[in-house]
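Labels run A, B and C following the written order; every chain starts at residue 1.
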Amino acid sequence: MKNLLTGTALAVLGAGIAQADGHLTFTPGEGDFNWDSLTAFGEAHDLSGQTITMFGPWRGDDQALVESVLAYFEDATGANVEYSSSENYEQQIVIDAEAGSPPDIAVLPQPGLIGNLASRGFIQPLGEETQAWLQENYAAGDSWVSLGTYAGEDGEERLYAFPYKIDVKSLVWYVPENFEDAGYEVPETMEDLKALTEQIAADGETPWCIGLGSGGATGWPATDWVEDMMLRTQPPETYDAWVSNEIPFDDPAVIGAIEEFGYFARNDDFVAGGAGAVASTDFRDSPKGLFASPPQCYMHHQASFIPTFFPEGTELGLDADFFYMPAYAEKDLGSPVLGAGTLAFKMTENAAADVFMEFLKTPIAHELWMAQSGFLTPHTGVNTETYANNTLKKQGEILLDATTFRFDASDLMPGAVGAGSFWTGMVDYAGGKSAEEVAAEIQQSWPAE
Amino acid sequence: MNPAVLGLITIILGVGGCVGYFWASNFVLDRFLFPASGPNAGRNINRANAIRPWLFLAPALLALGLYLAYPVVATFWLSLHDRAAGGNVFVGLDNYSQMLGEAKFREAIFNNMMWLIVVPAASTAFGLLAAQLTDRIGWGSLAKSLIFMPMAISFVGASVIWKLIYDARPEGTDQIGVLNAVVTFFGGEPQQWLTIQPWNNLMLMIVLIWIQTGFAMVILGAALRGIPEETVEAAILDGASPWQIFFKIKVPQIMPTIVVVWTTITLVVLKVFDIVLAMTNGQWETQVLANYMYDKLFRSFDWGVGSAAAMIIMLLVSPILVWNVYNARKEMR
Amino acid sequence: MDNIAGTKSSLTWAVHISVVILVALWLFPTVGLFVSSFRTGDQIASSGWWKALSTQEAQMSPIRVAGEEAPGADGFLIEGTLVQGDTTVSAWGTSSREPEAYAPGETADLRDGQTLTVEADSTYVLTSPETTEGTRLPRVFLTASSPPEFTLGNYEEVLTSGTAGAGILQSFINTLTVSIPATIIPILVAAFAAYALAWMEFPGRALLIAAIVGLLVVPLQLALIPLLQFHNAIGIGKGYLGVWMAHTGFGLPLAIYLLRNYMVGLPRDIIENAKVDGASDFQIFVKIILPLSFPALASFAIFQFLWTWNDLLVALVFLGADDESLVLTGRLVNLLGSRGGEWEILATSAFISIAVPLVVFFAMQRYLVRGLLAGSVK
């Protein structure tokens, strides 16, 4: 198996080296890509000599990935895209918007912040055509449209942002061979998951690695837990009401979800290092416990990006794998999926930027990134064979099969809560405060309208 | 044009422009406006001397006014307004009262007081010690460079270094944090240092002390070297002990510089948020005002309260301002 | 006399020892970072940096058997080495539950009739009655002692990787272009202002000094938006001119404050004698004050250079974050990836960016000399 995979990887590498001009990752015309969509797009649009400035959250390896996709856009249209990013991109984008020197295209992972910018008139609406396109071409299109729709400066709701690059969050990572060595089975229901947790603890081992540490954003991994538990204990309508604060944060439904998280995180026997270590363990170090010898833990709840932080050389599907964070069998809430992602939007009236937004609708704009790493899409027109590996493909299927898809609540809530009191509240809760007290404090911080 | 060439031209133009401005304005003042000759020579000298300070100060005041004073005014204005749909609405002191009602703000004020006492005192003391001790030994300048090194590391780098020191791993596994490695070596239990209140505040302060000692050392070192040799030699001849020379002669001589160093570090303390943001983000009761402000500005996008917090930070400097005015008056006499 | 000499030398010893302790305390954290910059990310996260300096025995993360299979006596066999380098295995296992089940040289029976033997030097032999093609090969858990291992890979990655490599020289030049004018111009402007505040009589002097100290505390974050707005309005937008002006504005209060404090301490007689001799303020400033203030000018230059060199925020806002104009700090921070946390890269980049400020410090240190004033005082 490994030899087979290495072989493929080598073949891909070889193809990369063989190409003539060197700046395109995949040679046009080869593989399962929808090259036609690129050719047609290039013929329809000529942007020679024009420059588009783009600002996004992707840095490091991700920056190399987005630039590899942009290279095809530049190649097809003749435009020049200047991509930039920075450490505190949220701060940078707000400063640039306020000061009057925004980029043409911006990409952000926080719908709450985009809504804030839209309400101050810094963003150009995308128009009804794009809205219809999303409804038509994205799986569960309506939920994506509502994700990108905000009230503008005049208070009227329009589509402002285009979802591009999605992460699935409802995943539990594990090492299959550790499960086999101990004779554990992948649980199918939440009841099973809890039974497994108790069994591992009874065997004298530690079931979970949970780490909330993230420097200035410490606490966010816990919000994913609570959101996942919320979707597994309450109908999606209650989730939506929670996000919009129609039900208060200290509603019993929310407190119930927080305590479901507490079942896992506040039990010294269930988490590596004991409950006291949860809040301060760095989320990037946390999954390493799965691979320790002997294992420090058996399961880790985290979004689809986490393999980046697995030890070097870890092969997905072989050394590590994931299962869908199951739902309660008794609650009959279907299989809800929690996700997050980035949304692209226009900040200037540059016609070339309009063309770029059109490019994001082509299957090739998705496939080129899918074929590398860390990219999932609800675009139904793409060829899923282009996913770089089985793991990505399986995640993509979770996304397409979801009976309920909900976006990360903390990204949707106002910044003061979603990037503030919700995080700190979860740290307090992990540290021993009661769920009622924490929830009441978070509710108090909800900005009054 | 290559920016480096542009930079060179700008340096020449900037430096030349500055020198030219000072020279030409003085020339015009002395030769044409109020020449120190002729029938009104005496009156002219007085007039010229009344204007000259402002010629010297003009470029600095212009830059300060534009880049610092104007934002202060804008901040004050923002702190009295709230952003609502369609523009800013005047809300009086609502932002301030909302802020005072927040537990996190009160915690930040309390912690800031601790920071203001501990960090400037410790940094100045260590800096003075380092400056004095390294002054007369052969490898002093090497020692100075090593103590100075943390100054040259960015705050992000410094936070990483100290995370490596405070890191904690579950009991029974290899500790990668030095502090916990020592603790477990002596049979103790690993501690989550950054969550232990109130000591975690001290842990964060140590990072800043570590950085700022280099600053204090350089400035105080320059001042110590400015003390005339004769003064010290005279004291030695009088049979004063090294302790006496240090505390009775050197320290009083450089007192104004100590005030300056203390003031500067105090201001750094009031503004520093990178360390807190990177290490705890104000959790486990380690919030400080600057990080609170940052949080309000760029996380909550609540410019009203964020600006109000900034005004409080600026208000906290006033005792130091008074102290400095008092010192400046004393020197001028 | 002997007695006095004795106390003197013991005092000198005490001074030397104290300095050694002080330096060790201050250096220790940095040494950790330095050692870490030569280790891989996995090593940093799994063992303390001080352990990298000596041979360590530890349970290693599982290693999967991999290699070309060859036909053997009965069936197939794969031979190879698990860990490259000078490693001594003391125990091994194939199950996470029993990672130390076997001693070196023992043979383990695996499922499907496979057997595995691991020797002390971590060479292994896997036999299998069936072909292993397409099946999952076993993992091996080693308890082994390995000698210190260092890598230059981090430096290589920072200096030559795809996202940074090509641009890092450009960024280096950008940073120099930002920081040199941004150091020289505020010093010059501040020196004149400091002289006026120290040695010229005019009403409101003390209040002005207080106001300048007060401006030191203005939080940078608040000034960014109005100033960028201003730069956009007067048409300089984002560019070097804007960064220089911004750094000058932000650096001035401290420069004026430090320089005034130093100048006010200069001996009054020199200045008054010069005045009696008919020198103008401008001449006094250029011929007497500036040369005498060299230590203060040098120390401020060091600090202003450090701040502009390490600054990220001002450069990003006033210069921009695109590939052409990214400064060194920005380039290095972007290497960390969208989710950060790559300590080995952080450690490495910290040492790459620290080099120039240290050179500047060494170069400037000789201006921080004693005795410029010696002899000039009565």
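Keep this in mind: a contact is a pair of C-beta atoms (placed from the backbone, for glycine too) under 8 Å apart; a residue touches a chain by one contact, two chains touch by 3 or more.
Computed from a predicted structure; not experimentally measured.
Asker: Please give the pair of chains with the highest number of C-beta contact pairs.
Answerer: B-C
Asker: Indicate, using Cα centroids, the chain positioned nearest the centre of all protein chains shown.
Answerer: C
Asker: Work out the mean Cα position per chain and let me know which chain is farthest from chain B.
Answerer: Chain centre farthest from chain B's centre: A.
Asker: Hey, how far is the Cα centre of chain A from the one of chain C, in Å?
Answerer: Chain centroid spacing, chain A to chain C, equals 32 Å.
Asker: Please compute the C-alpha centroid of chain B, do the same for chain C, then give the distance between them in whole Å.
Answerer: About 20 Å, centre to centre.
Asker: When the C-alpha atoms of chain A and chain B are each averaged to a single point, how far apart are the two points in Å?
Answerer: 40
Asker: Among the residues of chain B, which ones contact at least 2 other chains?
Answerer: 298
Asker: So which stretches of chain A touch two or more other chains?
Answerer: Residues 88, 91, 215, 292.
Asker: Return the residues of chain C touching two or more other chains; collapse runs of consecutive numbers into ranges.
Answerer: Within chain C, the residues that touch at least two other chains are 45-46, 221, 312, 333.
Asker: Spell out the part of chain B that touches chain C in their complex, as residue ranges.
Answerer: 3-4, 6-7, 10-11, 14-15, 18-19, 22-23, 26, 30, 49-50, 52-54, 56-57, 59-61, 63-64, 66-72, 74-75, 126, 129-130, 133-134, 136-137, 140-141, 143-157, 160-162, 164-165, 174-178, 181, 210, 213, 215, 218-219, 221-223, 225-226, 228-230, 242, 256-257, 260, 263-264, 267, 270-271, 290, 293-294, 297-298, 306-307, 310, 313-314, 316-318, 320-322, 324-325, 328-329, 331-332
Asker: Could you list, by residue number, the parts of chain A that touch chain B in their complex?
Answerer: Residues 88, 90-91, 94, 113, 116, 119-120, 153, 155, 215-219, 272-274, 276-277, 279-280, 292, 296, 414-416, 419-420, 423-424, 427-428, 431, 447.
Asker: Which stretch or stretches of chain A touch chain C in the complex?
Answerer: Residue list for chain A touching chain C: 1-4, 53, 55, 57-64, 82-88, 91-92, 95-96, 98-101, 175, 177-178, 181-182, 215, 282, 284-285, 288, 291-295, 305, 308-309, 311-312, 315, 318-319.
Asker: State the interface residues of chain B toward chain A in the complex, per the touch definition above.
Answerer: 83, 85-86, 159, 168-171, 173, 192, 194-195, 277-284, 295, 298-302
Asker: Going by the contact rule at the top, pick out the chain C residues touching chain B in the complex.
Answerer: Contact set of chain C toward chain B: 11-12, 15-16, 18-19, 22-23, 26-30, 32-33, 36, 44-51, 58, 173-174, 176-178, 180-181, 184-185, 188-190, 192-193, 195-197, 200-202, 205-210, 212-223, 226-227, 230, 240-241, 244-246, 248-250, 252-254, 256-258, 261-262, 264-265, 280-282, 295-296, 299, 302-303, 306, 310, 312, 325, 329, 333, 343, 346-347, 349-350, 353-354, 357-358, 361-362, 365, 368-374, 377.
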